[in-house]
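Below are two complexes that have chain A in common, paired first with chain B and then with chain C.
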Partner chain A sequence: MAIGVKVLKRPERQVSYVRATLKGMALTFKHMFEPKVTLQYPEQKSSADWSISQRWRGTHRMLTDEQGRSKCVACGLCPQICPSNCIKLVPGEDEEGNRYPLIYEIDEFRCIFCGYCQEVCPEEAIHMGVHFENSEYTRGRFVYDLERLHAQTHPVSTLWDPSDPRGQ
Partner chain B sequence: MADDLVNVTIDGMTLAVPKGTTIIEAAKQAGVLVPHYCYHPSLPSPAVCRMCLVEVEKAPKLMPACATAVAEGQVVHVSSEIAKKAREGVLEFLLINHPLDCPICDQSGECELQDYVFQEGRAGTRYKEYAKRYNPVEDFGQDILYVPNRCILCTRCVRFMDDVAHTPILNVSERGDRAYIGISEEQRLDHPWAGNVVDLCPVGSLLSKDFLHKARAWDLDKTPSVCPGCTQGCNISIDTRDDVVVRIRPRPNLEVNRHFICDYGRLNYRWMNRGDRIEAPLIRENGRHVATDWDTALARLEQVLRGASGSAVILASGRASVESLGLVRRLVDGFTVTAAVQVPLGEEAPLAGIPNLALRRERAPNLAGAELLGYTRHWEAATREAMAAAVVMVLDADLAPADAAALAAAPGLVVVLGSVVPESLENAALVLPVTTMAEENGTYVNRDRRLQRYQQAKSQPGMARPAWWIAGEVLAGPGPSADAPSTAAEAFELLGERWPVFAGLTYADLGFTGRALVAGPAGVAAGEGAAR
Partner chain C sequence: MKGFLLLSILKMLFVFTVIMVGVALLTLLERKVSAWMQNRHGPNRVGWAGLLQPAADGLKNILKEETYPALATRTLFFLAPAMSFIPALLLSAVIPFAAPLPLDFDFALGQLGRFAWHGAMPMVVADLPIGFLFVLAISSLGVYGVALAGWSSNSKYALLGGLRASAQMISYEVAMGMSLIPVLLLSGNVSFGAIIRDQQAGLWYVLPLFLSFFIFLVSGFAETNRLPFDLPEAESELIAGYHTEYSAMKFSFFFIAEYANVVTVCAMVTTLFFGGWDIPGHWDEQGGVLQTLATGGFFFLKLMFWIFVVMWVRWTLPRFRYDQLMALGWKVLTPLALAYIIVMCVAIYLIEHVAGLTDPTLRSLALFGVNVVIGLLVFGLLDSGVFIRGADRRPAASEVVG
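Let's look at the complex of A and B:
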């Protein structure tokens, strides 16, 4: 024997796993009688004591006026403020001489969901959405054009209000 | 000399200025901007806007800085409590009727009302219960819209038309809060220099239809340049957005154009955005043009020039720079050369109130420069000459169909240095893509022999290079060479050897307002760009 190994003799009680296993099982069984926190997504999307925050910043939505036209006046502030440069805007003029966006596209892949576009918008046109289910079959579908932004129906974000920091 | 100077103290800085200077100009020299609307250095001061009121010690009340001359020992406070309060009051009055439509206003971002309200205006209004005045938008003329709601009645446009254009068709109609800028009955704002009222307007009341909704002021990249419209050589700023020229505005140069440019020059930018550009050098092989790289094309050009002898003709565009004209001319030094520059003619349109300022008949910005470099304006003679020449160099000239057809039958070698694809020059041995003046650095000499620089405003398409680069590479011989100029400044310095009028001058001497050339060995005028 090259190395001397010291073998300790321990009492059976200390080395048995039976006790530890029973302890763990007890904890597991205890949870069966506690209130359940699991949400059965996707069948169930919110519950009485949990829902997505009103301040959630998800994929965008463009609001429209009574005639169904975009509220956007193509002022150019959102592409300017956008830190990830994901908004493409080309302004134009409609038949009544009003300024409106000819092209308005948001690349949701590039977007970092900071919410600056909603915050800067003087017309309250572009909004972050309270929405998180964004899967698509093609990558191209993630560039939301004006039509797509109009068609979104999910609620819009309230963002963070400095005068009401806790949202009460 | 000392008698003509007076000492004034402006916001704690004492400086000596010539007698008769207004406080606003003296403050500018002291580095203090006095907020103002009606004042403009190229227009008379009526002191109507009351924005530039400043506190002058020992004066009984606030004085308008634009109409008060400085006096010995005067102490002026621009940002004292009382002056600020006065300006806040003026701004509050202006905003009673000014709509808050900055998001859709073209002036937003370069609006003086916006700037000053942000700087020192009130945060809110005290006139909530009154509706703002409303008048519909009026169409004033060819390129000008008038939005009366936004007007702050500074009357700069009225004074421009009265005192500078000498065409008094604008006026202030009505009185009090109903006042607006009126246009004489049956009249249109179609004066060839009328576009300047758009630049003069401190707010978005007078708008250019051409620029309407095209871009926001903060999206624009502004490049100092020289107008390629005529021999006057007005200083301009080329405003681009995403590499597309969207407008041209005047750039102040008191020696040439003061603060103005004509509408012809203002709208003469569409050709800069042309899409049908040559993007690669083309050489003629087996009867058709084939795209190639620069090494091959330059070697071919050298071979062509070495192989020919006799006479050469250069047909150059009037928009070619001094550098390009000079080096292309040197390229054919071994030949008997006839060089002509194309001078399109138009109608002369003077701006009556400014001496020596007009849209000139000769619509070639570098005509004087070309003549200094040995080019003539005898285009017809040169095109006739080309029919017998051994080498014909076409430098971005806009050939008339007849000329092009004639050249296509020319027996000599035709080399085209062009920006757009030539229609009928199938027999050209070489077609080399060159940049336009918007895509390169260079200089022009205006009709008063003032040498002025322009800068690159947008990127060059494909492999296009300035013509001076092509000529410089060939002159320096085959292969990479340190002698070939790599910047326009170096190309310019090469000209001095051959044309003494440019000797000893560098780009650094020119600054951004240029300097007058004088004939003779000295080559340099003594006084440079000093304000009148």
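Let's look at the complex of A and C:
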């Protein structure tokens, strides 16, 4: 035997058309009274048996420190690793020699939501967000600048942990 | 005379409105039923519980652009939706929907003259003496709309759909027409009024003529191109069949026609086999406003039940293969209907003239006994797969002549 092929035994004589029909009808009728599985989306965003994954990678969010400043130190790793080249970073430096981003823009249309920026960030500044409602009226609104990234409030996504692959 | 005209116009308006609104709501019901059977809610956004969904769909379809395929035969392409729509609506004119309403009025309206009516008004737009023959005649006209829609679109899918539709509708019409002959034998009349009166006197025809009912129902599914016989549409094979090239309101007209046909078939089933507006017992025969309203309501309930059954079947059974469809029509239902006519002729003759049972109830009960025997035989054979074969029924190796 090469591979395990399951050979189905075909019925020699096809019995039951009437009974099979009635059985099917009974089944569909029974289903009419079963609880509905639909999630009534805009009103209801999660249910007892379903909620969005903690590892969901949605639109970004930039975390800030206690003073409300960006955690980003403009090291340039995220634009470097970004496979779709969607992060624009212009670094700046203040009088004390602290680096900070002058311009930090993410084009969410180019982004492929791989999450590398979050993985590579040494300061845990840039994060993917657990978020999916991104509608805007213009295309330009999809280039998120630093201010916008700061203003996001949705939860950040949890990175995949090799020691806990199923996220339990 | 003018009283008759006035009442006819009123009844026409009533039936037309009910049918059009009903058909619109049936599209919603269909989606709801399908949703419930799949553990979903169905449309529930527009209006309360989605009740305005048909209005939204209608509005959308009216506002949409109507397209014509470049090489379509424009006249026929334009006419085809109407040609399937008009026969479907015409049929609603002959179905009695309630007990006759006793009316008595006599008044003058200026220039128009006197309007008068005395006596019971039949609650049907046209109480035709030819009854279900009219329905059979007009319902077969619907095939023109479908076939011409398929042909005039100049598209291979539409053409195939139209061809399938015409072959299917013509095939099943034979069985459908012949399944009604036992009804004629039993009632001695083709008019719906007489058939309902006969069922009031005895039992509903579903008992003494069960196989007729079965054949009629199955052919009714095929005539209305509903699943499991929706091969003319067969979206997995033919995109949308005969109405592939249609858009906007012309597309909707095919749907209105389909649902109007469903209503007609269900109304026929109700009238011919389930007593029409008859409420069991003799209360409804007295005649009166209350009786008319109650019988109307009861007719509506029966009608809705059959419409539900049609939808229920649609969302349960898979589509037939085309050869199975033709085999079922020509090799099972047509011979069965023919044989049933003969058996019923003999049975009715024996019961009425040899056994001398003339009481309608007793006669119906005796026929019911005959039907139980035939029914067991037929359904046993159907169930064993002798008539229709599955795709996997290949000849065994020993049967193949080497």
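To be clear about the criterion, the second predicted complex is superposed on the first by the 138 of 168 C-alpha atoms of A that agree within 3 Å, B and C clash if a C-alpha of one lies under 4 Å from a C-alpha of the other, contacts with A are read in each partner's own complex, and residues count from 1 in each chain.
We take it that contacts are C-beta pairs under 8 Å (C-beta built on N, C-alpha and C of every residue); 3 or more make two chains touch, one makes a residue touch a chain.
All values reported here derive from a predicted model rather than from experimental measurement.
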{"item": "Partner chain in contact with A:Q40 - chain B first, chain C second, else both or neither", "value": "second"}
{"item": "Contacts of A:I106 with chain B and chain C, given as first, second, both or neither", "value": "neither"}
{"item": "First (chain B), second (chain C), both or neither touched by A:M32", "value": "second"}
{"item": "Contacts of A:C78 with chain B and chain C, given as first, second, both or neither", "value": "neither"}
{"item": "Partner contacting more residues of chain A (chain B vs chain C)", "value": "C"}
{"item": "Touching partner for A:G97 - first (chain B), second (chain C), both, neither", "value": "first"}
{"item": "In the complex, chain A residues that touch chain C", "value": "10-19, 21, 24-25, 27-29, 31-32, 34-38, 40"}
{"item": "Residues of chain B touching chain A in the complex", "value": "102-104, 108, 137, 212-214, 216, 218-219"}
{"item": "Partner chain A, residues of chain C touching it in the complex", "value": "33, 36-41, 312-313, 315-317, 379, 382-385, 388-390, 392-393, 396"}
{"item": "Chain A to chain B touching residues, read off their complex", "value": "73-77, 80, 91-93, 97-99, 122-123"}
